[in-house]
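Got a structure for you, written out below as structure tokens; questions coming shortly.
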Amino acid sequence: MTETKEFTCIRCPLGCQVVATLEDGKIVSITGNTCPRGAEYVTNELTDPRRIVTSLVKVTGGSQPVASVKTASDIPKGKIFECLDALKSVELTAPVRIGDVVIPDVCGTGIDVIATSNIQ
Amino acid sequence: MDKDLVIIGGGPAGLAAAVAAKEAGVNDLLILERDNKLGGILNQCIHNGFGLHTFKEELTGPEYAARFIVRAKELEIPYKLETMVVDISADGDAKIVTYMNREEGLVVVRAKAVILCMGCRERSRGALNIPGYRPAGIYTAGTAQRYVNIEGRMPGKEVVILGSGDIGLIMARRMTFEGAKVKLVAELMPYSGGLKRNIAQCLNDFDIPLLLSHTVVDIKGKERVEAVVIAEVDEKSKPIPGTEQEIKCDTLLLSCGLIPENELSNALGVEMNRVTNGPLVNESLETSVPGVFACGNVLHVHDLVDYVSEEATQAGKKAAEYLGKSEAVNAGGDKKIVIKAVDGVRYTVPSIIRLDHMEDRQVVRFRVGAVYKKVAIQVLAGDKEIMNLKKQALAPGEMEQVILRKSVLESIPDLSEVTVRVKTD
Amino acid sequence: MQDIIIIGAGVTGCAIARELSRYKLDVLVVDKASDVCEGTSKANSGIVHAGYDAEPGTLKAKLNVRGNAMMEQLSKDLDFSFKRNGSMVLCFDEAGKGTLKRLYDQGIQNGVKDLKIITGDEARAIEKELSDEVTAALLVPTGGIVCPFNLTIALAENACVNGVKFSLATEVTGIEKKGEGFVVKTSKGDFETKLVVNAAGVYAAKFHNMVSSEKINIIPRKGEYCLCDKNVGGLVEHTIFQLPTKYGKGVLVTPTVHGNLLLGPTAVDIDDFEGVNTTQEGLEDLLKRCALSVKQIPSRQIITSFAGLRAHEEKNDFILGEAADVPGFFDAAGIESPGLSCAPAIGEYMAELITKKLPAEKKENFVATRKGVPSMALATPEEKQKLISENPLYANVICRCELVTEGEIVDAIKRPLGATTLDGVKRRTRAGMGRCQAGFCSPKTVEILARELGKDISEICKNDEGSEFLEGYIKD
């Protein structure tokens, strides 16, 4: 059975409309992407969709009550809310530096959550 | 106080302009920033997607800002925080910049050159003239973003978003991450105002519906928002009677466009472009007042900070040239080429090129006024086609650019006009 | 036991309170809203009418001309913005000229000075943006514009300084006769008082009818407005009216004292006493009507729209004085246009009636003047420097559109009857009234309010209880 699936690539602001053609669930062609990252994105979306998660954690003793954080690279899409839950209980103490590890290996993904802002 | 160069605004545009000017040899410069830290709006844009162009990696807003702040500090560029410029005027060639802060009170600076980097503001509920009550719970997306990302506070729990601008889309995901229910995004136009990838990763990922050709026609709730009424609109953007539906919510976020903040530019008498609401500039990003440059969202609203940085770098460099700190690119005559935006192209920045000041490559940025599929961007020098770029799709929400080559323009005798248009046939 | 309870802290109630504060009387003003100036007084045209509209012999006619004459000195004494910009009533056809003449004659009878009927061309020579349809106009040099917020706030503050007490967020739920006096039941308990003054705006009939068998009827008449950016505030210099219709004075196009341009109002009778919502039909209608007066309505420059309710009394005149069947119960009811213009005169008139009923000595130490919140936007460079040198917070700009500083906001909170809400700060300082409509400054103003009032930012309201901005923390 042949089917086609359409995706908006999120790897860069260009937002290519990429079409994957599948035969019996296997990718046979990918078209519409401007660069190889588009093909990679669509392949991942079909097999293991992943996202970078950006959020906040609480900070005490700083110039600001919260610090922004992100997953150092993308994590499985299904783990987004688990990751966000894990961030709820974190409370950092100022100062916070960009790159500080906030949660190592978040939710067993092998990926760290790191700080993305400097809080004095 | 005398200064060679005053940069108004310490956001992405101001920082990049200052770095470029300093690197080009302008030592007597000063950044004036109204907020309590450098970085501008990037500080509250905690999502990723910045810097792919500039740093070849995907950064969050605060990380992107930090790169420039570090550079500005390495270069020992002086700046003042919580400092508001209240007026600019011209006195002969000098620009009189008046600012205020707690430490110094009211201060007047005589500057030889000024770079305007004041950014933009969001279109408010009032400007959209949405009928209904005026309760708490109506925020522009950026104000809500500040409450959440800087103050760590939630503006509400059940959210409707009007307008599909990028900040609204980003806030749809952000509020969802913080446990709010985003019921829908309504967009007046038949197409989205934001980047396609933000629709994918901020709405589709979380099954948040995007209702195109819809608007808010009533706001209910006397103290706090209790519901909004949305309706479908016709091709003239008029609500269609009978299509109303009431959506219960406690919060309405507005993401309906950005307006360059040119109050100071107007005070100075800078000539404005009615389409962008920003100053008219030449190839050097210099306004109609010599020695006054503009870049970033005060000039025209950008989608990507990377392009703001690039534009601001150009403005900083050109301001340095103006100040005679680096060798001007073939200073001399003043031969002007006007760039005309027609047939679907709403404006161009710059809108004037002085051939004698032009560099080998000139980026010309613009937006189109409607959605186009399978068309071309055509550039004419006089009557002669000098460029024809095939485009799968063009949309008002996405800024486009062409790069003009000096050698090409020079090769056409007596060239006075370049036209940029959408070629549909 | 109070001597007097005034129900309603709008411009009428505050004007009466201020006049009564000249006397050694124990006066309490109650209002259900959390601030003064929260009803009709905050949402009107801000016009000081000359006095040609009202039928000769009516209270409206008498008090309008007097109120207009009082306004200029009062604005100096109490430091609020007032400008005698003059008005014009436009006529678009031959048939209208008769009405114009009637207004002229009425004005003369009411004692309005310097009225003149001019031709369409003469009108256009004075106001270049008037439409070509204008065939004649009544020129009214004594017409003026005022800041309705600061007029009300100034009266209230001055009354407060002179000893009048205010109990806000206090809803009157009942009034009962008790002996010679009354018990006023409220959401904050019962108050006993010798006299009651009913200045409750659209609710005046409700309170009157609680005690009097001679019922009155007040209908909320909604008026919707659009306010334009200051960059088109100079479209007209005069307040431009059209000939009155059966709905009232019709729509106007006017500069405001702060330099914006105001368009409106519509006039629709409604049932909802809290119906201050704008409507799509209303906004469209007012723009269409205003478009008759001027060549081009700057509709793209609209920065906000709002609606107010006029307290329209069936018989079309103010009801001022003691209720015939309830000794000690004084009405100041049916105060619709020109109520704002009349307010100082109503205060004087009512105080005279009340002190006849309840004679009292005048205070020797009455403070007749009041200084408002200093305005950095209006200050000269020297004045700015002086304010900043006294308090550096005057150099910290919070509202960039209207150039309002932290010093002004703190002053607005700290002064007598100070602001406790975002709208309260807005009306006292203009922070948030500009073109971005508080997008940038509201988080900062909320923070300053919380700091100065010793509250958490989540407790700060836009106006009344229930209008909090924030709903808790992230990550909760």
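Each chain carries a letter (A, B and C) given by its place in the written order, and its residues are counted from 1.
Criterion: contacts are C-beta pairs under 8 Å (C-beta built on N, C-alpha and C of every residue); 3 or more make two chains touch, one makes a residue touch a chain.
Note that the structure is a prediction, hence the values are computed from the model and not measured.
Chemist: Of all the other chains, whose mean CA position lies farthest from chain A?
Modeler: The chain farthest from chain A, judged by C-alpha centres, is C.
Chemist: With centres defined from CA atoms, tell me which chain sits nearest the overall protein centre.
Modeler: B
Chemist: Would you kindly tell me how far, in whole Å, the mean C-alpha position of chain C lies from that of chain B?
Modeler: Taking the mean C-alpha position of each chain, the two centres sit 39 Å apart.
Chemist: What is the distance, in whole Å, between the centres of chain A and chain B, each centre taken as the mean of its C-alpha atoms?
Modeler: Their C-alpha centroids are separated by 26 Å.
Chemist: Counting only Cα atoms for the centres, state how far chain A is from chain C in Å.
Modeler: That pair's centroid distance is 54 Å.
Chemist: Using the touch rule from the top of the page, what residues of chain B touch 2 or more other chains?
Modeler: 148, 150-152, 178, in rising order.
Chemist: On chain C, where are the residues touching two or more other chains?
Modeler: Residues 474-476.
Chemist: Among all residues of chain A, which ones touch two or more of the remaining chains?
Modeler: Residues 56, 58, 66 of chain A each touch two or more of the other chains.
Chemist: With touch defined as at the start, can you tell me which chain C residues reach chain A in the complex?
Modeler: Residues 474-476 of chain C touch chain A in their complex.
Chemist: Quick one: in the complex, what on chain B touches chain C?
Modeler: Within the complex, chain B touches chain C at residues 34, 82, 84, 86, 98, 100-106, 121-122, 124-127, 129, 131-137, 140, 142-143, 146-148, 150-157, 178-179, 217-220, 222-224, 239, 250, 261, 263, 266.
Chemist: Given the complex with chain C, which residues does chain A contribute to the contact?
Modeler: Answer in residue numbers: 56-58, 66, 87-88.
Chemist: Touching residues of chain C toward chain B in the complex: what are they?
Modeler: Answer in residue numbers: 226-227, 231, 274, 276-280, 282-283, 302-306, 381, 384-385, 388-389, 392-393, 395-397, 400-401, 403, 405, 435-440, 442-443, 457-458, 461-476.
Chemist: Please name which positions on chain B make contact with chain A in the complex.
Modeler: 43, 46-49, 52, 58-60, 62-63, 66, 148-152, 177-178, 195-197, 199-201, 204-205, 303-304, 392-393, 398
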